[in-house]
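Across the two complexes that follow, chain A remains constant while its partner is chain B and subsequently chain C.
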Partner chain A sequence: MSEAYFRVESGALGPEENFLSLDDILMSHEKLPVRTETAMPRLGAFFLERSAGAETDNAVPQGLALLPRVECSGVIWLTAALTSQVQVIVIPQPPMWLGLQGSKLELPLWLAKGLFDNKRRILSVELPKIYQEGWRTVFSADANVVDLHKMGPHFYGFGSQLLHFDSPENADISQSLLQTFIGRFRRIMDSSQNAYNEDTSALVARLDEMERGLFQTGQKGLNDFQCWEKGQASQITASNLVQNYKKRKFPDMED
Partner chain B sequence: MTEELDFLGQDSDGGSEEVVLTPAELIERLEQAWMNEKFAPELLESKPEIVECVMEQLEHMEENLRRAKREDLKVSIHQMEMERIRYVLSSYLRCRLMKIEKFFPHVLEKEKTRPEGEPSSLSPEELAFAREFMVNTETYLKNVALKHMPPNLQKVDLFRAVPKPDLDSYVFLRVRERQENILVEPDTDEQRDYVIDLEKGSQHLIRYKTIAPLVASGAVQLI
Partner chain C sequence: MFCEKAMELIRELQRAPEGQLPAFNEDGLRQVLEEMKALYEQNQSDVNEAKSGGRSDLIPTIKFRHCSLLRNRRCTVAYLYDRLLRIRALRWEYGSILPNALRFHMSAEEMEWFNNYKRSLATYMRSLGGDEGLDITQDVKPPKSLYIEVRCLKDYGEFEVDDGTSVLLKKNSQHFLPRWKCEQLIRQGVLEHILS
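And now, the complex of A and B:
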């Protein structure tokens, strides 16, 4: 209530992401492996950029690196032709062969969601490893030891939005997400309520973004309560929105 | 607490209500409205009569205190009580303003489509505030970002962009009047709808959507 600025919270755990939420924007930028079902002629260069990063126009190794995940037939001879040149001018015209049916790409979530259609004309989505059977059994064994930050820092949000793609494993994925959270929640709550004035980097290192948000809320509650106990609650302090303005450095310099 | 208001006027009915409220009841109603507003996920009905009555009471008390003799203890206790009531009132209004700011397109839409007989969830000042806020936000977004976009992307639909209040969130409540046959919808696909009765004095944790009309009528109290 004493906040100066209310951020738009993430809606990723609900039915839809929130348009204005920064957390959701960051989350939906993560990549998802996808197979194209229809040919997309002349769009190959666009997707190439998406899947492999910057394109350059010199050096043979980079020419090769630009074609890593395309598994269409007929592409092998073109790769060979490119590498035999000294100077490779990479893809000035969008190559037709990249739009063939069945090519594998990695698209960000927002793009995959936009292109996904119930009649599955354009894309079919493959689940990333961590939402598949193998990792699900790891989570059900013991959820506390997994480093969720490494597994994609937006594990819960991304997983919840993945359910939109109508995979047959949806029920299992949602159960697994829920059980993982239940398993880890107690430790997060405990550590956030009892770590006062300490360095908490060891505690938050293995948490994903949503859990870190929870941890910070817990810490803030703890700090506010301690403030109130010390009687500092009625002291007027500078708002956190203006603390970094240059002119405010003056009171700091006096001390 | 409010039994100490011995030198306050006896007639406490400041508004145009037929019901005569003692100051104690008025403060209790204010606190109930405050707690309901704090824990409900959406903006509740506005209670202009309570707000006006409380403001009048506070003014009376201030006048009386000014006229009273300099007996330190009594005066300072009454002053403390006035500060507390003032805090509750301003916290209540602040909570409502925060919700208006958070959900402004939905609040304005609800006000526009409200049928005639239903009480409004916005007081006239709050309505003016919400409208100004909407205009200011639209102007701000246009000047900062939208006017630099290509012409077919220059609109943002605030009604869809701003998140709706989440009526499915769970709330704690205490039952004040016995209720029967409340239909509870299932959380998961395996459960089915079932019907519960709410006993007086019992406390529950339930989805807000199920009991929203009961909060409005005062039959349950959010805690």
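And now, the complex of A and C:
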């Protein structure tokens, strides 16, 4: 670990993310299911990719529909309904795509947060499965067995930021997050304080990012203590940063 | 999907193992700025249309693009800021002179920032401790003695000690040298501190 590099910490567990935190940026890139409440015209290629495979409301007409030639003189645009099999014929200029109302999409958290408002004029947010009733029961039964890394590597951070969407289940979600953490913490602390100089990949495999950070802090504490016990605390060492650069230098020189 | 390029920049930094500085991704940054420009221009024209043509159905689209603009801005600022934090760490770990390989990883502006930081730090250090100033990048760990035993890890050449005598630092040679002279070299990996 580099001693002089102090990264911007994640604020996701608190009320707001930290603007400059790389962890928070990565966390808010994760997706969640939303429902559009209104159409969003002119978003072209974006909806084309997003909608492949998404479900639609029955109210939306399927099949092809011709858009009236309004804004672009001399050009006719063809649109297709949001089904995965229909091809869209795109003519050179930015394709016009009418984001149909009531379609289900997966949007990243930052976008959902930006477009969300109390009156749900643009979109309404659904909870991802892992924060819903079913999984909450699993967590309350035994939190230790769950592979939180697979369930979205930012389980706690993402869950905390989800509370912004004023879901009626907010109280339950926050309780569930807290209790899950309490249930898992003991094991994390134990393993981080007792795994000295060994391969820890098996221990961290099922932890989410926040827990991994905790684990690393614990390991650092352990290593520092052992170092002090051996009397190496006063030994000046080459900084880790320097050593890492040296290791990389040889491959660079061989190029 | 918007802001993908910006996320690539962030991931690049995240991938670099603890605190290392990857090469400055000038290309990526330029692409992000281009995307921002395109988004902004589309929004400008749509806002005009919404105001004059009364097309209030464009507002969600405008908001969408605005969110993407904000996100791109956040990613670029965080990218640049995190790089500065890493460069700052270089001053403390490596010293004033950076190896060439590292210098190529920095953009011209970052190099300028590094020089300014060095100067600020030097000014500050000179202002401490009376007339001479105090080198706070030394003695990062509390010293136990004035002189220390060191072994040379690689050939470095001649090294002059305070009273004028010079020492030849050859690989595997051991010396008993004043602490303050060697600390920099130990941190750079040229010498190794031996505990008795």
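The rule we apply is simple: the second predicted complex is superposed on the first by the 189 of 255 C-alpha atoms of A that agree within 3 Å, B and C clash if a C-alpha of one lies under 4 Å from a C-alpha of the other, contacts with A are read in each partner's own complex, and residues count from 1 in each chain.
We adopt the following convention: contacts are C-beta pairs under 8 Å (C-beta built on N, C-alpha and C of every residue); 3 or more make two chains touch, one makes a residue touch a chain.
Since the model is a prediction, treat every value here as computed from it, not as a measurement.
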Per the contact definition in the header, classify A:G11: touching chain B only (first), chain C only (second), both, or neither. first
Partner touching more residues of chain A, whether chain B or chain C: C
Could you look at A:F19 and tell me whether it touches chain B, chain C, both or neither (first, second, both, neither)? both
Just checking: does A:V125 make contact with chain B only, chain C only, both, or neither of them? Give me first, second, both or neither. neither
For A:L32, using the defined touch cut-off, is the partner it touches chain B, chain C, both, or neither? Pick first, second, both or neither. neither
Have a look at where A:M40 lands relative to chain B and chain C in the superposition and call it first, second, both or neither. second
Now for A:L111: first (chain B), second (chain C), both, or neither, which partner does it touch? second
Partner chain in contact with A:A143 - chain B first, chain C second, else both or neither: neither
With the two structures laid over each other on chain A, which partner does A:I173 touch: chain B (first), chain C (second), both, or neither? neither
Contacts of chain A common to chain B and chain C in the A-superposed view 1, 6, 8, 19-21
In their shared complex, chain A is touched by residues of chain B numbered 91, 94-95, 98, 101-102, 160-163, 166
Inside the complex, what are the residues of chain C that reach chain A? 1-2, 7, 10-11, 13-14, 17-20, 42, 46, 57-58, 60-61, 63-64, 66-68, 70-71, 74-75, 77-78, 81-82, 85-86, 88-90, 92-94, 99, 101-102, 140-144, 148, 182-183, 186-189, 192-193, 195
Provide the residue numbers of chain A that touch chain C in the complex, in ascending order. 1-8, 19-22, 25-26, 29, 38-43, 46, 49-50, 110-111, 114-115, 121-122, 231-246, 248-249, 252
Which of the residues in chain A come into contact with chain B in the complex? 1, 6, 8-9, 11, 14, 18-21
